[in-house]
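Two complexes come next, and they have one chain in common, chain A, joined by chain B in the first and chain C in the second.
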Partner chain A sequence: MKLGIPHFGNVYVPMKAIAQQLGITDALIIPPPMTQKTLNLGVKYSPYEACLPYKLTLGSLIETCELGANTLAQARGSGICRLGYYAKNQEQILRDLGYSAKFLTIDVSHNKLISILRLIKNLANDASWYEISSAFFFGISKLFALDKIEKVVQEIRAIEVEKGTANKIYHEAIRNIDEATKRKGIKDITKEYIEKLNHIEKNNKDHPLKVGVVGEIYVVIEPFANMDIEEELGKLGVEVERTMTLSRWVKYSLFLNYLGADEWRKVHHLAKPYIDHDVGGDGWESVGEKILFAHKGFDGIVHLAPFTCMPEIVAQNVMPSTREDIPVLAVTCDEQQGKQGLLTRLEAFVDLLEFRRRKNGRRIYNTR
Partner chain B sequence: MKTYLGVDVGSVTTKLVLINENYDLVASIYSRTQGNPVDMIKKGLQKIRNQMPQEAQIAGVATTGSGRQLAGVMLGADLVKNEITAHAVAAMHYVPDVQTIFEIGGQDSKIIIVRDGIVVDFGMNSVCAAGTGSFLDHQAERLNIRIEDFGSHAMRSQNPARIAGRCTVFAESDMIHKQQMGYPIDDIVYGLSQSLVRNYLNNVALGKAILPKMVFQGGVAFNQGIIRAFNETFHTEVFVPPHNELMGAIGAAMLVHEEMRDDHRKSSFAGFGISNTEYKISSFTCKACPNLCEISQIAMDGKVLARWGARCDMWDRIDKK
Partner chain C sequence: MNKVGIPRALLYYQYYPGWRSFFEHLGAEVVTSPPTNRTILTAGISRAVADTCLPVKVFLGHTISLISKCDYIFIPSMTSFGKKTYNCSKIIGLPNITRAVLPEGPIILDPNIDLEKGRWYFYHQIYKLASHFTSNPVKMKKAIDIAWQKQLAYRKKMSDEKITPNQALSDLYGNPHSASPQKNPQGNLTIALLGHPYITNDEYLNHRIIYHLQNMGANILTSEMASQTAIDAAATKAVGETHWAFEPDIIGAGQYYTEMKVDGIISLSAFGCGPDSMMMVWVEHRAKDTKTPFLPLSLDEHSSGGAMLTRLEAFLDMIKRKGTKLPTPSPAYC
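Here is the complex of A and B:
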């Protein structure tokens, strides 16, 4: 079996680590990083009105097929979102294109942990459950390390003197963590890179503008889908925070939620006066998170939504009615969006936030 | 006398203004970009120099508009500002109690919401240019009238024709149909103006809190027909500031004045000599990875000054060597 997975943020890192631990590296095809080629493939073979995550994952699956994958893993769920149909639909499209790859689905609505472990078991048939779980924990420890480093990167990007330095170090860290073979090694690398990041030369502007990123999980986490919006905000001197990370998803959806924790309890509670039920995807959470970031004293919100995404359209229309007065920049992600237009909007948004601070009597920290 | 140069390189027109320290307009140039921003900037700068009073010196340069990066490199700008902020700053200067700014230019249209002197929200067309100057230009051409006469035709209309405004192509077929039905040209022209305003309000301005006082600026604000359509839609007078077409450039000049004053900086203006310098703009496709980025670059005397369009920093790095 040769398994292919669609590219999604740093998901490939733990997947590769798990395969390595179980000695089945040959059975896993690492998806190439997302490029214009991935997008073009996805757009070409997807229904026109499908959303960007659908198109990108389809493009990515085609690329893994080209690299020899004969089995594909895709998410499936029962939320009120098109994600539920991705797997079935894409399987049909790939079949029509002449790829005979078998589809395995990972249920991301129920029994997520079992679904994922079963997939790994499938991949490494003769491995014991003990070996599988220890490989699994090794894999996700890489994910936690990466998100820990990224958090520091999000802070440093805003205040570094030489723009792009933090990003370079971050990519170096991803490579090194990806190559680490021991748990202890991951810890050391994490420490080393956080130290490196903290040693980057910074400008003397403390309290940079802070923006919270909310929205649909795929376009929020995958930088290619959102045109590196976090990096661009960093270049404009803005510190970015986002609640949604892969490690958080693993922590709650795969573990703590089984123990009765509710990762979004607070967020849902805050959103209650305006929207009191799941509207599919991450719509409910987007509204609640906007309020949460406002309470934390953030300067603004960037709301990322794939074009035609119903849950986020609902969220977008509910947001203005919340009592919390915090500027929101709605960014629609699709293959038609040009980067220049996005940059103009981001610059204007950052100006808006700065003027607001000035008016509120606080110092302006223009880091450009 | 200290003066500040603001340059707004738009998709259709290039604007250059010179203001003094009291924000008064000292000199201004308004010309069509004609797809050649480099030449337009060079020529415009020469004309500004001719209009400039003897004792004036340039103490700051700012660029804005879709060609702001290019113009910024050429002119050695002290400030490169997005057009949304630039327009807002200028509008608030001319109309201090403004709450809504409509800006319709050659190929983009914006709405800016202002409350108590600060921008609180804005919108900009992203996928469609149906409600912009280029659209009117094109339709005027079809009707065989000069765009300058568009307004007077619209003002004479008694029974405007209803024309679909969602899409340029459909508007055109609608217009042809109305022409064949024998509608007078005045009614078609005003119907077109109404459809542009409708399209703008349903698109760019959708969901925005539009309150008076409303300011209408940008090149299209010259068009009496559009002003009439706005006025009739809101049952109130939409205010067109003086120099409506130059507002972006004026805003940029105001901002650079403020910044130079606060930072006590010396201008990095490249000088009027650039009018005689040869610039070469070229583009190529980077084949280093499957992204196939389209890189464009500007070079002076064989030396590359800047590059744009790359997803990664590969081409920036080469610049610094």
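Here is the complex of A and C:
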């Protein structure tokens, strides 16, 4: 069995680590980094009205098929958006293209942990559960390390003197963590890189503008889908924060939710006056997070959504009616988008935020 | 007397008789908005975010036209009709969207119909809804029972008599709902028209597609003209576990009518429709497998009736000529 996985942020790093620990590196095929070619492939063979995550994952899966994958992993959910249809449709498309790949789906709405562990067990030719769980924890410790570094990068990008330095170090860190083979080593690498990031030469701006990124999980996490919007905001001197990270998803959805913790409780509570029940995808959370960021004293929000995403359209309609007054830049991601157009919009948005701050002064951060 | 407004859009075409009899038995008067027209469409478009799909924009237009004509507006949030079967997000979030973009509107009655959460949740929602009109639980129970019977009778009437919701509604309530001829012509051409009921039946949005097709001599079959059990079974056969509430209407009907060997399939969807973008592909694939001619049509606020007519004519001509041998071109043209 040769398992191909689509790209989704840094998800390939833990997957590779798990395969390495179990000694089945040959059985896992990581597609090449996403490029315009991936997108073109996805767009060419997808239904024209499908959303960007569908097209990108399809493109990525086709690339793994070209490398010889015969089994493909894809998320499945009984949620309300079309994610539930991804695997069904993509399997058909790939069959029409002549690849006889089988789909292994990961249920992301129920029994998440079990379906992921089962996938690994399948892959590892029935290795013992002890080996699998230790490999699994090794994999996710890499994920946590990466997100920890990224958080620092998001802060440093805004205030570094030579733009792009933090990003360079971040990519180096990803490479190094990807190559690490011991759990202890990961901790050292994390510490080393955070130290390195803190030693970058900074300008003496005390409180850079702060922007929260909310929206659909795939386009928020995958930098190729949102055209490196966080990096571009950093170049404009804006500090970015996003709640949605892969490590948070792993932490809650795979473990703490079973113990009764709900990471979204506060966000859902804040959104209650406007949306009082799940509308699928991340629509409910987007509205709640806007309010949360406003309470925390952020300067603005960037709302990312794939074109024709149903839950995010609900959120887009509801957002302007909230009582909290905070500028929102709605960015729709699809294959037609151009980077220059996005940059112009970002510049205008940042100008607006600067004017507001000059007029109203810095809003006091609510530490609650 | 309490007046309840029901916008003539989205789920109206599927559930109007049930809703109406429910409110009437609770002693309320039901007001319906007029059929879609230019004013309604423009009003709706002006309020919603640009990416919103056409049917939701039209729905908002209908709601605007009901403001000041009623005390309540009934906008249920139809979340789930069965285990792991959900509606589209925009239909689930419809009361929330309406409240956000029309703050001046009357009180919105928004029961959350979510059968996934069990029957007690459903009873609670119905109780909360009905307590706007009465405090007598027996009366509520009776109203919901009668409404359910009415709803089933309405669904059965459509499949038995092979009529569209518009025709069934004008039979039931008298007012002219439809410009289409009452029954299909006895032509020998059968076309299945697949799409959400709120698109195939809104004659302003779809440029009276059923009327035009019937005028061209085609028998039209829509998902309502098959019995619910038949299309449910066909959907299960085609894709297994259903994921969306409309799957029987689109994939089920697609499977059912391709098995019936109709002469052609026309799919009608609104631009940007999430569920359709996945389901119509499936139907198209199925049509390709069975060599059934397939015409996908997509509607948005800029589509024009003339262009659609041309495509329909060409499609029907193609079907009529299918199988007949083309005359070999004379050498002069080669």
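The rule is simple: the second predicted complex is superposed on the first by the 359 of 368 C-alpha atoms of A that agree within 3 Å, B and C clash if a C-alpha of one lies under 4 Å from a C-alpha of the other, contacts with A are read in each partner's own complex, and residues count from 1 in each chain.
Here is the rule we use: a contact is a pair of C-beta atoms (placed from the backbone, for glycine too) under 8 Å apart; a residue touches a chain by one contact, two chains touch by 3 or more.
This structure is a prediction, so every number in the text was calculated from the model and none was measured.
Of the two partner chains, neither chain B nor chain C is touched by A:Lys251. Legend: residue contacts after superposition of the two complexes on their common chain; A:Thr332 is shown touching both chain B and chain C.
Once chain A of one complex is fitted onto chain A of the other, the partner contacts of A:Pro320 extend to both chain B and chain C. Of the two partner chains placed by the overlay, only chain B lies in contact with A:Gly341; chain C stays clear of it.
Taking chain A as the reference chain, the count of touched residues is higher for C when chain B and chain C are set side by side. Contact with neither chain B nor chain C is seen for A:Lys196 once the two complexes are overlaid on the shared chain. Look at A:Asp276: by the touch rule set out above, it reaches chain C but stays clear of chain B. With both structures placed on the common chain, the touch criterion links A:Lys235 to neither chain B nor chain C. In the superposition on chain A, A:Thr308 contacts chain C only, with no contact to chain B. When the two complexes are laid over each other on chain A, chain A has residues 317, 320, 332 in contact with both chain B and chain C.
Put simply, chain A touches chain C in their complex at residues 47-51, 78-82, 84-85, 88-89, 92, 96, 274-281, 283, 305, 307-311, 313-314, 316-321, 330, 332. Residues 32, 35-38, 164, 228, 317, 320, 327, 332, 336-337, 340-341, 344-345, 347-349, 351-352, 355-356, 359 of chain A are the ones that touch chain B when the two sit in their complex.
Those residues of chain B that touch chain A in the complex are listed here as 66, 81-85, 116-122, 124, 126-127, 207, 289-293, 311, 313, 316.
Residues of chain C touching chain A in their complex: 48-49, 51-53, 77, 79, 84, 86-90, 92-93, 96-97, 99-101, 103, 112, 114, 239, 243-244, 271-282, 285, 298.
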